[in-house]
Amino acid sequence: MGVMTTTPLTPSRGLNVLHLFCHVEHAVDRDVVHQAMDEGLAAGLQVVTAAVMGAKADLCFMVLGEDLWELRRFQSKIQAAGLVVSESYVSVTEVSEYALGMPEEMIKARLYPVLPPSDMTAFCFYPMSKRRGEANNWFALPFEQREQLMRDHGKSGREFKGRVLQVVTGSTGLDDWEWGVTLFGVRPDDLKECVYTMRFDEASTLYGEFGPFYTGLVGDLDEVLDATLA
Amino acid sequence: MGVMTTTPLTPSRGLNVLHLFCHVEHAVDRDVVHQAMDEGLAAGLQVVTAAVMGAKADLCFMVLGEDLWELRRFQSKIQAAGLVVSESYVSVTEVSEYALGMPEEMIKARLYPVLPPSDMTAFCFYPMSKRRGEANNWFALPFEQREQLMRDHGKSGREFKGRVLQVVTGSTGLDDWEWGVTLFGVRPDDLKECVYTMRFDEASTLYGEFGPFYTGLVGDLDEVLDATLA
Amino acid sequence: MGVMTTTPLTPSRGLNVLHLFCHVEHAVDRDVVHQAMDEGLAAGLQVVTAAVMGAKADLCFMVLGEDLWELRRFQSKIQAAGLVVSESYVSVTEVSEYALGMPEEMIKARLYPVLPPSDMTAFCFYPMSKRRGEANNWFALPFEQREQLMRDHGKSGREFKGRVLQVVTGSTGLDDWEWGVTLFGVRPDDLKECVYTMRFDEASTLYGEFGPFYTGLVGDLDEVLDATLA
Amino acid sequence: MGVMTTTPLTPSRGLNVLHLFCHVEHAVDRDVVHQAMDEGLAAGLQVVTAAVMGAKADLCFMVLGEDLWELRRFQSKIQAAGLVVSESYVSVTEVSEYALGMPEEMIKARLYPVLPPSDMTAFCFYPMSKRRGEANNWFALPFEQREQLMRDHGKSGREFKGRVLQVVTGSTGLDDWEWGVTLFGVRPDDLKECVYTMRFDEASTLYGEFGPFYTGLVGDLDEVLDATLA
Amino acid sequence: MGVMTTTPLTPSRGLNVLHLFCHVEHAVDRDVVHQAMDEGLAAGLQVVTAAVMGAKADLCFMVLGEDLWELRRFQSKIQAAGLVVSESYVSVTEVSEYALGMPEEMIKARLYPVLPPSDMTAFCFYPMSKRRGEANNWFALPFEQREQLMRDHGKSGREFKGRVLQVVTGSTGLDDWEWGVTLFGVRPDDLKECVYTMRFDEASTLYGEFGPFYTGLVGDLDEVLDATLA
């Protein structure tokens, strides 16, 4: 890659988010992965690394940053290291329309999260949308009803405080579902219990549509590479 | 490729449009990509180049032109350069039946758009259809009702003027969905806000069906190749 | 392949039809493709060749003939030439139950079509079925109602006479959808306008289910190979 | 493979059935295929061989036998010969709950069929399930109603006696659909006419869900290899 | 892989479960597979090995253990041996909310199962969810009704005691479906009869959604490798 002279492309506020789910198919050059990581951090990116269980991917990089060009360059560098990006998700951090009244500090925490949380190494990502079915259509509900349903849903989620951290990023117009949900849990069954419990909230029961779930373990880059490269 | 002697195959008015979403799997010969580009432009094609985020593709060529054979030749040339065309979309520019009364200049702008718009480097493509569900069936509505719904939908879209340019091309009978939508935005969250807002228009809420979303960054060919080739 | 001694397997009337959508992934031996073509024609097959736009395929062979073994051999020969058959469709020519009263000459034209029509180089193929939904179920309608809906649908199609030739072949029990539709058009937007217009016919609005659309350009074998091989 | 010492795994009555749909991607060693066949027959397996039309597969082995380990070994041997098993179906022969009163000889013919039937070389396989829709739910019907619908369906099928032989095997709990249907026909359009006609039976119209259809030609192993290997 | 120093990631009670469905695509190093097995057992994992029928996979490793990092390492080791993990399932053992009153011994048997059961070599895995349809929505039912439906469902399952052992593990928030079901049967048709019979239970008829079914044969590692490697 030559000298980068592109004009930064940034959200008006908040961060671009890119989940990269990678397979180890060929020889992977660990040094080049480390170099991609170092250059990404130097360019202002945050990168969460996780080993992923099963066939969907071997490892995941969750990348956050202001300039979308830098996120794309990070992707190209890990591809050049030999990793195959098999699945991905594109989103931006956001404050939902139902949470606009939050204190400024909480708004900032949503727009500029600092990840990963410490001592929460159980990892899960899934995308979701709100149903637009012929009987149950979220987008046809009045704002007040949606707000109430989301308030109840949030309350149910907060019961897992300390066990699960939920990071919801917006992707309508950017990827195939309307939101990306990244969960960090203390234990694997915390993730399960949290998602299972929330499925009984009316917001999910009647209106939630869920995409594929990716489950793994957060670790530093070497822990993740040790666990997934032979 | 030998001497090209095919009879041009052109729309009765407007342009053929081909979105090519490509992966870098093998060595890519940058010179051959440049040559394909130069020959395409010389043959009268417009080509928008974009880097694409994530696993769906590494880069996109949106090609517009009169002779469909020339679009196909462009595709073959970039394939010969080593790019793998993983996804694509085939459509034609059109003036919808609900917009026939527009001034001639606007009609010409839709049939013969000049792309990309300047200073809008956030890029997104998705295909869509109108629902033919058992309860909500767009094609069973009377023309006047469809026209009114589209007028409201257009109004909602125009609120993003200056932030998002929408290029809607027709693909019924040409590809798997009825329309292709290409968005150019000032910032990534402009794309998100525009599509999210319009999802509350009745035309989308009750009748919109959306395919996969491809998100990226518009740049000139070298910027795009620099960002995606290692 | 050794000496062919299989007993011919033929429809009781009409022709077997095989659409082969091929990718150029490896080196293709043009001579072997030509030889497959020559041997197929010598064995009584008709073969329409088309370049296909985009990622679904690079080229299409639409093969018609009496002995199904000959169609299969043709397929094996083009595979041996290096083409990869990525998608396909299996059907037979037929006269629908709603058209049994047609003059003998028209019946013969449907069972033994002569393809491609001259001066119609815009090409499109898609499979379709009639809906068996819980509210709208084509197969639960009485014959008279189905006949009337098909008569209206045919009328709407005939308005494109001279611009679009429709070849509908039957595939219930042979492939994943109930019919294969091959369109030949004068221009690309003729295909679009025809399919879009017919989507407002009640037979399509309430009962049509459509599979993937493949769009391309009819040419002789060398034109098609010139446009798709580099 | 070493000396086989596994304990046979057999159905309590009837036979295990395995449909293997194979692609010729690499060099195939015909001798090894023949050897797999010979060893399978020696181990008591029945094997129907068919050439398959189009992209789904090049050839099919329909294998029937008592010991499931032997069926798995047969699969491994043809894979070792270079064939790629791309699709498959796992089932067992059965007598349906609606046919328990049949004469013993007919029951035996269903549990231990002798295949292929002579002079029926048109071949088709598809899996199917009974609908569990919100309005039409087969499994919510009383036994008597299901029995009557199946009796009507059987009557409609028997009108094709001599033209089509239907082999229905059970796969609930074994593969993705509830039944596998293998048809042997005198001519290709017999398959089509039979399946199309039965689609108007209430058992299919309201309750049938159909998977992919694989169509081909039954022949002995050499005929099938001759037609599909170049 | 270097020295493993990760902090164990364990469920608060019960075991992590990972089903790995593998293809033999390249040369497989049997010694390395054995070594992975030995190291896994030494690290406290249970591993059930099965040969799988047909195209979905050649063999399956069902792995259970406390530390999720150890399960991931096991996966990496068999990948390093040359096996390709094509499909998988991630879950945890659990005691369902409808079974909390069970005697402690039965609770322990569910959380810490000892597998495989002896003399049950017919193997089947499938994932499932409860329907959230617009008419039939499991999660909208009151607890008492769900409990009653599950009690009836359990009764129906217990009629297969001695013929089929059912292991249900929880995966909401961990994989694409809400539960993974692993069946061990005395004979292949026991699996079929059990699943078919339970499909008439209201819990399944109205509310069950089923994913892909994987069928195979339990054996020790050498039996499984003998049957699937050539």
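To keep things simple, chains are lettered A, B, C, D and E as they appear, and every chain counts its residues starting from 1.
The criterion applied here is as follows: a residue touches a chain if its C-beta (ideal position, glycine included) is under 8 Å from a C-beta of that chain, and two chains touch if they have at least 3 such contacts.
These numbers come from a predicted model, not from an experiment.
**Q** Give me the chains shared as neighbours by chain B and chain D.
**A** Joint contacts, listed by label: C.
**Q** What is the graph distance from chain C to chain D, where chains are linked when they touch?
**A** Step count on the best path from chain C to chain D: 1.
**Q** Go through the assembly and pull out the chains touching chain C as well as chain E.
**A** Per touch definition, common to chain C and chain E: D.
**Q** Could you check if the interface between copies chain B and chain C is built from the same residues on both sides, meaning over half shared, or from different ones?
**A** Result for this pair: different.
**Q** On a C-alpha centroid basis, what's the spacing between chain A and chain C, in Å?
**A** Chain centres of chain A and chain C, defined by C-alpha means, are spaced 44 Å apart.
**Q** Find the geometric centre of each of chain A and chain E from their Cα atoms only, then give the gap between the two centres in Å, rounded to an integer.
**A** 27
**Q** Identify all positions of chain E at which a residue touches two or more other chains, and write them in rising order.
**A** 134-135
**Q** Once you've mapped the touching chain pairs, tell me: line, ring, star, complete or other?
**A** Here the contact pattern is a ring, one closed loop where every chain has two partners.
**Q** Mind pulling up the chain C residues that touch chain B in the complex?
**A** Against chain B, the touching part of chain C is residues 24, 51, 53-56, 58, 121-122, 124, 126, 133-136, 183, 187-196, 199-200, 204-206, 208, 212-213, 215-217, 219, 222-223, 226-230.
**Q** Going by the contact rule at the top, pick out the chain A residues touching chain B in the complex.
**A** Touching chain B: residues 1-2, 4-7, 9-14, 16, 18, 20-21, 68-69, 71-73, 75-77, 79-80, 85-90, 92, 94, 132, 134-135, 137, 139-140, 170-176, 178 of chain A.
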